[in-house]
Every structure is written in structure tokens, then in C-alpha cells.
Amino acid sequence: MMSTELFDRGMANRRAVLGDAHVDRSIASATEFSQELIEHVTKYCWGDIWDRPGLARRDRSIANLAMLTALNRGHELKVHVRGAINNGVTPDEIKEVLLQTAIYCGVPAAMESFRLAGEVIEQMAKE
Amino acid sequence: MMSTELFDRGMANRRAVLGDAHVDRSIASATEFSQELIEHVTKYCWGDIWDRPGLARRDRSIANLAMLTALNRGHELKVHVRGAINNGVTPDEIKEVLLQTAIYCGVPAAMESFRLAGEVIEQMAKE
Amino acid sequence: MMSTELFDRGMANRRAVLGDAHVDRSIASATEFSQELIEHVTKYCWGDIWDRPGLARRDRSIANLAMLTALNRGHELKVHVRGAINNGVTPDEIKEVLLQTAIYCGVPAAMESFRLAGEVIEQMAKE
Amino acid sequence: MMSTELFDRGMANRRAVLGDAHVDRSIASATEFSQELIEHVTKYCWGDIWDRPGLARRDRSIANLAMLTALNRGHELKVHVRGAINNGVTPDEIKEVLLQTAIYCGVPAAMESFRLAGEVIEQMAKE
Amino acid sequence: MMSTELFDRGMANRRAVLGDAHVDRSIASATEFSQELIEHVTKYCWGDIWDRPGLARRDRSIANLAMLTALNRGHELKVHVRGAINNGVTPDEIKEVLLQTAIYCGVPAAMESFRLAGEVIEQMAKE
Amino acid sequence: MMSTELFDRGMANRRAVLGDAHVDRSIASATEFSQELIEHVTKYCWGDIWDRPGLARRDRSIANLAMLTALNRGHELKVHVRGAINNGVTPDEIKEVLLQTAIYCGVPAAMESFRLAGEVIEQMAKE
């Protein structure tokens, strides 16, 4: 596959998971400094890994909620709570994944993710 | 629920996920020093969180593979590769989850988990 | 012990360590989404571990200041600076624990915890 | 070397790398609580390690950008983006180091560092 | 204080906490490559921080057991389990600190530290 | 660029940095399970990021030594100590980078990396 095809496919997957409104805001706030990172992520993350048919998008979202809590990356966690709901993970299932992080990542990690996920779920209910 | 019921339920879940052989080996190697930790984990992790009906065991296993890679806890990762297969995650799906950790946790994390998961999958194929 | 007893004991310990004002604020800001996490933490963290007589509350607070710095969990660190003072750790002893984190967790971790702990100590001096 | 010489040498190195304006602001915001940490860091970090002739300051800055991204310490990362530019690392080279963190630390770590570094570079362009 | 005094004081504290046998083994296995790190650690960690009178050695050991579990540094954890016992922390108190890490750092972190601490305690009982 | 070109370029870069002997051993030990990870890493890490002309290979190696110490990934650290020396970082400069990790990542991280790097340097001296 050509590099530009990979980018186009990545952009399509990113829009399907995160929604047009989110991706448009993200594109509008991009800078010259961050341009190449965005291309890298669109191609290799969204165009390659998220494009693979071997695991359902819903399962990929569950893995991401767990990983991003463990990694202490709250900004990306919020992005992927939105993605998880778009991929069919219910708020109750998000709650279950985060309760499980309390056991494996510790209570402070889970408390932070509950706070952030709760904000996104409340915001999406208003949209 | 009484504390002893929680322990019994936890032991049943732990055996269902990890298999009798693994749990029997683990019980045989327990020491007086680690006894209370094992009770704590059996009750609150296996008897409470893993007992909740709100998320399928298969989904909990996917979350664990992702979290344990992010947390750099190889010993527990191997335990939960076994659990994932017992819960119906296929080796190909484990591969997909771990490929996704390369993006979110970084390549060194993914490489270590591939090494460890490969060992467990090979071992289970012989059993 | 019944599950409700564990919760009640946990709530009592949590109030004793963190103070009624903090716990009342925390309860007031709880949401339906976070309700089960709070029950989980109140029972297993505050009702079980913090209830154990084998280690003084003051010692548990010292361990928490060190752990939360290492884990990069600033929100919980601030909660447990308050708890540490309520448990008899002096501001000078908190300073010593955090100086020690500079050696073991690195200078950036220690600097962040000094900033956050300083805010809590200043706030408590005004109350 | 006497302890006071170490401090003086550290202060000189810190000013050379981070700039007088930054160090003056930092000194002005110091509190009694944080005083000993600052002395510790000035002596052992700036007076000893940064004073060693065996590695160019530019190379030390590259190592710091990479480490602080991996450690998830955004506040210090911003300080050391400023230091990196003062030490001769160009914005394009900073971009390259951070693209490399996407591979080794994962995409969420890189995205956060791009955001923070972009802010510092834009701010310095205005000064 | 002169740099050599700091080193001598650090060596005395290190021997007092970790024991002559451990320190002698460590010195014997030092290489030219690691020589300067050992001097750095002996001066700034053992000669400065561990020398400060503001916190009891027993308290410093409790902080270290918690931190090293959170940091996933098993080799140093084992060294500081030995130090903790030499500083008057009982095996039962070590158990309590590690049970508390299960809550704050997560169960996999606690399980690893229990394994390692159990080995040291058993070894010291034989000496 | 086509995907196969990216792979070929990645393999060439990987061989240039890590040496043919290392890469041949790595290829020989690959399994069906790990095959796609290796392709992913060869293309995106070695074929793309390491291929970028904007930062010298020597600088990329310095960043990696720092990052891999912070990330606690000893296996990859050893691989990249070899790469660093092949890219012109001297053992004395590696020592300086690792001394700097003692300040920013903490002493236990630095001690582990000194141990591992020392082994690789000694091994390469014999080859």
C-alpha cells in the first residue's frame, strides 16, 4: 500500500471511531510543529493497527481504556471514552473496565479515570 | 455477603479462569508471609470484581492483557494470557491486543509481552 | 463480617483520617457513575486495609506519600498530605519523605510533590 | 569541593541552561517548605551532574526531553524544552526526539509532549 | 562539608542500614564503569538524605518499601527489605506496608513485592 | 513509498545500528506469533523514524538510553547500548547519560541500567 492510501484509510477510521466533530476540532488546532506527528499517528495507528480485521473495534476500545488508565494519560483517555461509546461499549461496561483497573492499576488510577470518563459521558449525553 | 462466602466465590472464579492446575500450584507455593495477600486478592479481585455480571470474562481478559503490558508486570501477564485463552480469547486476538500495545505503550512494552505470551501459548499447546 | 459492616467501618476510618469536611465534600460530588467505585474503595481500602492494627496510621501515611509520588498521582497525593497531617506526620517530616523521593523517584517527581504538598499545608494552616 | 561551592556552581549552570528570567521567577516563588529541595537540586543536579565535562549540554538536553516524556512529567518537560533550545537543540531536532518517543514511549506520551513543547517554542519566539 | 567527608559519612550510614556483609559484597562486585555512580549514590543518597535527623531510619525504610514497589524496581526492593529489618521494621509490618501497596499500586505490584520480600526474610532467618 | 520499500529500508537501518550478528540472531528466533510485530517495528520504527535525516543516529541513541531507563525496559536497553556504541557514543558518554538518569529517573533506575550497560560493554570488548 502507498503511504497516502494508508493516511486516507487512517483518517477514515479515526473519523469513524472518534466522530467528525472531534476530528475537525483536532485538525483545526494542529500546528506546523505537530503536523508530522499527526501524519505518523494517522498512518500507523489509525491506518494500520485500527484497520486490522482481527479484533473488533469494541474490543480495541476496551483495551485502550485499560491501557490509558495504567499509563496515566488522562487526555487520551477522554478521547477514547468517546471512541469506546461510538464503538458500542456502554457506559456501564466502561464502569466495569474502570472498576477492574482499581484492582490491577491501583485505586488512585481508577479514581482519576472515573472522574475523566464521567465528564465525557455527561458531555455526550448533552450532545 | 459474609467474608467467607466472598472468598469461596473468589476461589471458584479464579479456578474457572486460570484452571485448577495453576491454582493448585499457586496454593502449594503459598507461604505464611503471603497468606493474607492471597486472601485479599481472592476476595476482592476474584470474588468481587471478576464476579460482576456487567462485563464478559472475555472482555475482562482483554483489558488485563493491555493493562499488564502497560504496567510492565510480566509475571502476571503470563498468568492472564492463560486466563485469556481459557476465557475464549484466541491466540490471534491476543496478538492483536499486543500489536495495539505497541502503539499506545510503545514498542519495547509490546516486544516483552509478545515474548512472554508466546511462551504461554506454546506451553498450553503442549498440555 | 457483613459487607455493610465493612462499609460502615471504612467510612469511619476515612472520616478519621481525611476529616469530615473533606469526606462530606467528596460525598456531595459523587455521581451515579462513580457510586460503585466509592463503595469499593470505602470497603476494601478504608474498611479493610486502613483498619488493620498491624501498622500505625502514621506509618501508613508515610508509605502513601512515597507511593503516590512514585505513581505520579497528584490529586490523591494532596488528599493524603491532609491525611498524613491528621495522622500526626508533621510538615517537616513530610518534607523529609519528599526529599527522599528525589533520590528514589527522581527530582521531577519530588518537585511536583513539593508543590502540591506545600499548597495543602498552606491551606490547612488557614483553616 | 565545599558544599557552598557546589551550590554556587550549580546556580551558575542552572542560569546558563534555563536563563536568568526563568531562574529568577523560580527563586521568587520558592517557599520555606521547598527551600531544602531547591538546595539539593541546585547542588547535586546542577552543580554536579550538569557540570561534568564528559557529555555536551546539548546531549544532556536530548536525554532529558526523552526521559521527561517517558516519566510523564510535563512541568519539567517544559522547563527543559527551554533549556534544550538554550543549549542549541533546534525546534526541528526537538520534533525529531519527540517523534522518536512515539515509538518507544507510545503515542499518548508523544502527543502530550508535542503539545507542551509547542507551547514553549511559541512562547520563546515571542520573547 | 567537604566531598570526602560526605562520602565517608555515606559509607557509614550505608553499612549501618544494609549491613557490612552486603556492602562488602557490593564493593567487591563494583567495576570501573560503575565506580562514579557508586560514589554519587554514597554521597548524595547515603551521606546526605539518609543522614538527615528529621525522619527516623525506620520511617525512611517504610517509605522505600512503598516507593520501590510502585517503581517496579525489584532488585532495590530486596536490598531495602534487608535495610528495613535492620532499621527495626518487623516482618509483620513489612507485610502491612505491602498489603497497602495492593490498594494503591495494584495487585500485580504487591504480589511481586511479596515474592521478593518473602525471599529476603527467609534468607535473613537463616543467617 | 510502498510498504515493502519501507520494510527493506527499515531492515537496512536496523542492521546498520544493531549489527548483522544481532539482527540475524533475532530473525532466527522469530516465531509465527511474533512475525507481524517484527514487520510493524521494522517498517515504522526502523524504516520511518530511524530513517529521518533530521537528527543524527548518535543523538537518537542518547535519547533511547535515557528513555529505556525511564521505562524500565532492560532487555531493549541492552540492545540499544550496543546500538549506541555502533552509532559512536563512547562508553564514557553512556556512563554520563546514565549518571544523569540517576537525577531524573531516580537511583534505582540508574543502578539497573549501569548493571545492564556494563554487561554489554564488557561483552562487546571481547568480540
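A, B, C, D, E and F label the chains in the order they appear, each numbered from 1.
The working rule: a residue touches a chain if its C-beta (ideal position, glycine included) is under 8 Å from a C-beta of that chain, and two chains touch if they have at least 3 such contacts.
Everything quoted here is computed from the prediction, not taken from an experiment.
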item	value
Both-way neighbours, i.e. chains that touch subunit D and touch subunit C	A, B, E, F
Interface composition of copies subunit B and subunit D: same or different, split at half	same
Copy-to-copy rotation for subunit A and subunit C - C-alpha atoms, rounded to a multiple of 5°	120
Most widely separated chain from subunit C, with each centre as the mean of CA atoms	F
Higher-contact pair (C-beta pairs counted), C-F versus B-F	B-F
Which listed pair, A-B, B-E or B-D, duplicates the contacts of C-D in over half of its pairs	B-E
Centroid-based (C-alpha) most distant chain relative to subunit B	D
Whole-Å gap separating subunit D and subunit F, where each centre is the average of the chain's CA atoms	24
Centre-to-centre distance between subunit F and subunit A (centres being mean Cα positions), rounded to whole Å	29
Separation of mean Cα positions, subunit E and subunit A [Å, integer]	40
Interface hub residues of subunit D, defined as touching at least two other chains	40, 44-45, 68, 71-72, 76, 95, 99, 102-109
For the subunit A and subunit C complex, residues of the former touching the latter	72, 91, 95, 98-99, 102, 106-112, 114-115, 117-118, 121-122
Contact footprint of subunit F on subunit C as seen in their complex	103-109
Contacting residues of subunit B [partner subunit C, same complex]	1-3, 40, 44, 48
List of subunit B residues in touch with subunit A within their complex	44-45, 49, 52, 54-55, 59-60, 62-71, 76, 92-93, 95-97, 99-105
Subunit A partner contacts - residues on subunit C that touch it in the complex	31, 33-34, 36-37, 40-41, 45, 68, 71-73, 75-76
